[in-house]
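Pasting the structures here.
Across the two complexes that follow, chain A remains constant while its partner is chain B and subsequently chain C.
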Partner chain A sequence: MSQDLSRRDLLRDVVRGTVLAVMGGGALFLVRKANGQVVWQVDATRCVNSRLGELGVEACNLCTTQCVVALSAVRAVNDHAKCGRCNICPAYFNITSAVDEKGYPSEKLCPRDAITRKPIGKVDPEDPANNFYEYFIDEKKCDGCGKCVMQCKEPLGLGSIVLRVRYDKCVDCNRCAIARACPKDALVRVPMALGSR
Partner chain B sequence: MQYRQTQVMGGYWKAALCGLAVDRHGHFYAAGDSHICMFDAAGRLVRRWASARPALAVGVAVDGAVYVGEAGQIEIFDAGGKLIDTWRDQARLGRVTAIGFIGDSVLAGDAADRAIRRFERHGAFLNNIGKNNPVNGFLIPNGVLAFAVDAQGIIHAANPGKHRVERYTADGELRGHIGRFHGTDPAGFGGCCNPTNVAVADRIYVTEKAGPRAKVYDFSGQLEAVIAADVFDPNCKNMSVAVDGRGRVYVADTVKLAVHVFEQVTV
Partner chain C sequence: MRRARILVVVLYTALACAQSIPYQRPVDTAPQEKTIGGGYKLPAVEKPLPRDAWLQVLDVAMLAAAMGVSVWIVLRRRSRKWLVGLAIGSLAYFGFYREGCICPIGSIQNVAVALVDPKYSIPMVVTATFFLPLVVAVFFGRAFCGGVCALGAMQELVLLRPVEVPRRLDRALGLLRYVYLGLAILVAVRPALGRDFLICRFDPFVGFFRRTGAPHMLIIGGVFLVAGMFIGRPYCRYMCPYGGLLEWCTRLARRGVTITPDKELDCGLCAEACPYGAIEKMRAVRRNCLYCARCYAACPRDGELAHAKLVQLA
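Our next item is the complex of A and B:
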């Protein structure tokens, strides 16, 4: 009898402990969220637009269509340290469009014309292939459609462009609409310090 | 002109397959991981030996010495795989991704500084090639500088950022180029930066990334054939290419870590 009681006590203590741990974790999460310490961010290794090996598929634009913020809180960001500064950048040009008389693709890729480029160093007008460029994304125009991200991905590009949640735009929903829709679970909760990188 | 795949050599590399070369006796060499593999003409492994650092490139001199490009150095082995010498020069041999020879000169492609270095055969530096231009070197976003030397001693260097293969003399004079960008025409080089690798024999052989393919051009830049495209892993890039005296084309699949061998189909 006493053995049964002690087993029951043990079971009850375990259940209580588990419930308390879950509640404590949840409370801690809410406190950290309230303090802005935990935020939503795109995991580039999961996002279909930037994940290596996902080739020959259309860019996923759920970040554009699902976000409750107008124009989406997710924007494309170019890591200049990784960018190849290519003369013909597949994220800037539609590289399958007709080639013009200068040898460049005749169309740009971004449907909102959010990517601009500036030549680096001395420009060679005689031979355009001698020039290389710094690429900038205008976040006021970008809606996070992911087309440039898909084209910048290895092996076509160098993977310098990725999608990122911008915290000046994100309203930090408890249940992020993009996270619910994302088939790759690429929207994840991370500490603010990690999310801001 | 058509090619067919005749052989695939795999199982020798675990993490990386970077450089291919042939010697005048028909032996085939592959640099990958931290070792060199030497195969006979039938594709049988003859010898395998270790390099001090990850092997990024391999070249075989006329005397049979095997030069291995690494980060910060070149190791020189005899034909039996015994270390003869090591040239260390962090400034000029930052990341050696190609090796070649013109007469008594040794050429090294330094991807770290985007230039080809020319040394005399004992290792004394002679001159740079491809450095004297508005962009201060080759445009190689892929991180590999590749070149090959033809029978006349002309250097054919891939300049993928310009979508060209450029011709240089040994003293660094640019003599011309072939190639142009085109996103859909197979005669052009697509993507941001192609071709990535080059070999020269009676023609110019190149490989491209995204989608990976091997092609052959005549010296005027006319496409003669797409050697292969769909046999490589789609994530391949920087696929080293070599051609032997019988016209067999060796291409490294850098993801599956295998060497594909192609031969011309005679009609």
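Our next item is the complex of A and C:
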């Protein structure tokens, strides 16, 4: 009886050792081919909102509706170095709305009022058309609908606003829900270094 | 005029609207700090970074530590109360703080794909998350299931009125896990275009952890929670693919929950208390044992209540 038990224990030890060795081998294999962190990012050359030649197309809005994270992990980002700083910014104003008495469009474009504008540099209060403006998109309000991105690109704007995945919000799903829905396959999984560009 | 303005007259369809201004882009290159003047500094483009590497390592460390604590509570401390405390802590950290991701259950798919597809690789954190609970199971049994797994903890805490599942039905339903495991791996290792991650898409509770989710996820989660009030941990026992792997590993474990023969009364209170059918003929069946420590709590001679209960018996 006791001999029987010890034999069973021995057998179990042998099997356990084998299993551990197999797991160790598998882990080693995976660790050796492990690369750096990969992240989901919006490819601006594919996204309908930012790619050229898609003017007048409705902003597609899937980044807002499909993301599993509340508010969406995608947001519009203004690259200030590329921003034209226009007086009448087609991404800030709804340039198809009626003009008010000061000569500005009466409506804003952003449905969530996430963009703020302020004059910068040497401000000439007499001639607002000749001032430069900083357009800042509030991260907490932007839900990545892409309307401003659609307006900012050439030829209306300079294409300084693009949709970007905010990594602090993105939960890095294996199958990104936006990527599944995106008709242009604009969401791609890239190494962290490429994605942060 | 600050600069020669190049008037780019744009034919924009919507601008045909009579009231609106004909839009012209005033510049063709972006003005930089020098042009803007007034000491203006270009603000940096906001780039929220992913979770720091050390925090990701911390997650793995927390996983290992929680399993260590789980083993200690169940095998040494033999305390249900402590175990419930650990479960609440794990639910808070791995569930609601880390929002259920990454978890060993889902990592099955990533590991499977990484093993098969030469172009697919996973971070070391994922590898560790997948193997750690299995290694623990090989020595001590399913310590991960008890107080560490957020999905398990969720069900552990809602189980109010356990109903015994007939043993045969229990066994038959238990096979579902392997069907699900096989299916999930098959779908995950398909070529990249047809690849899908079923375990993540049909995760019952991640919608609750994130406080948002697809309707089907929340419905599945709700069903499991309601069923889980009466059936002990329905997801763990009948659906969890990782539970299937842990069960195999647990067969090799030498240590595990014990119904101590020297102290035994043969009263059967422990078997009655076990909602998972893991006590058969007054002995713990380790592969089914989910480390919940209910048997200790029910035992008149064991656990933290031993003294009080003995007095009562006398």
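One rule holds for everything that comes next: the second predicted complex is superposed on the first by the 160 of 197 C-alpha atoms of A that agree within 3 Å, B and C clash if a C-alpha of one lies under 4 Å from a C-alpha of the other, contacts with A are read in each partner's own complex, and residues count from 1 in each chain.
Going forward, a contact is a pair of C-beta atoms (placed from the backbone, for glycine too) under 8 Å apart; a residue touches a chain by one contact, two chains touch by 3 or more.
Please read these numbers as outputs of a predicted model, since none were measured by experiment.
Asker: In the superposed arrangement, which partner chain does A:C86 touch: chain B (first), chain C (second), both, or neither?
Answerer: After superposition on chain A, A:C86 lies in contact with both partners, chain B and chain C.
Asker: For the overlaid complexes, name the partner, chain B or chain C, with more touching residues on chain A.
Answerer: C
Asker: In the overlaid three-chain picture, which partner chain does A:S97 touch, first (chain B) or second (chain C), both, or neither?
Answerer: both
Asker: Looking at the overlay, does A:G157 come into contact with chain B only (first), chain C only (second), both, or neither?
Answerer: Both partners.
Asker: Would you sort A:N130 into first (chain B), second (chain C), both or neither based on which partner it touches?
Answerer: The answer is both, since A:N130 touches chain B and chain C.
Asker: Go through the superposed model and pick first if A:G53 touches only chain B, second if only chain C, both, or neither.
Answerer: Only chain B is touched by A:G53; chain C is not.
Asker: Do chain B and chain C touch any of the same residues on chain A, and if so, which?
Answerer: Touching chain B and chain C on chain A: residues 55-56, 84-88, 90, 95-97, 99, 103, 105, 121-122, 129-130, 132, 155-158.
Asker: Quick check on the complex: what are the chain A residues that touch chain B?
Answerer: Against chain B, chain A makes touches at 52-53, 55-56, 84-90, 95-97, 99, 103-105, 121-122, 124, 129-132, 154-158.
Asker: For chain B, which residues are in contact with chain A within the complex?
Answerer: Touch residues, chain B against chain A: 133-135, 139, 141-142, 161-164, 180-184, 188, 190-193, 209-210, 212, 234-237.
Asker: Spell out the residues on chain C that touch chain A in their complex, using ranges where they run on.
Answerer: 1-2, 8, 10, 12-15, 17, 19-21, 23, 25-32, 35-38, 40, 42-43, 45-51, 53, 99, 101, 106, 109-111, 114-115, 118, 121-124, 127-128, 131, 134-135, 138, 195-197, 200-201, 210-214, 249, 252, 254
Asker: Applying the document's contact rule, which stretches of chain A touch chain C when the two form their complex?
Answerer: Those in contact with chain C are residues 9, 12, 15-16, 19-20, 23, 26-27, 29-31, 33-39, 55-56, 68-70, 77-88, 90, 95-99, 103, 105, 120-123, 129-130, 132, 134, 136, 139, 155-158, 160, 164, 166-175, 177, 192, 196.
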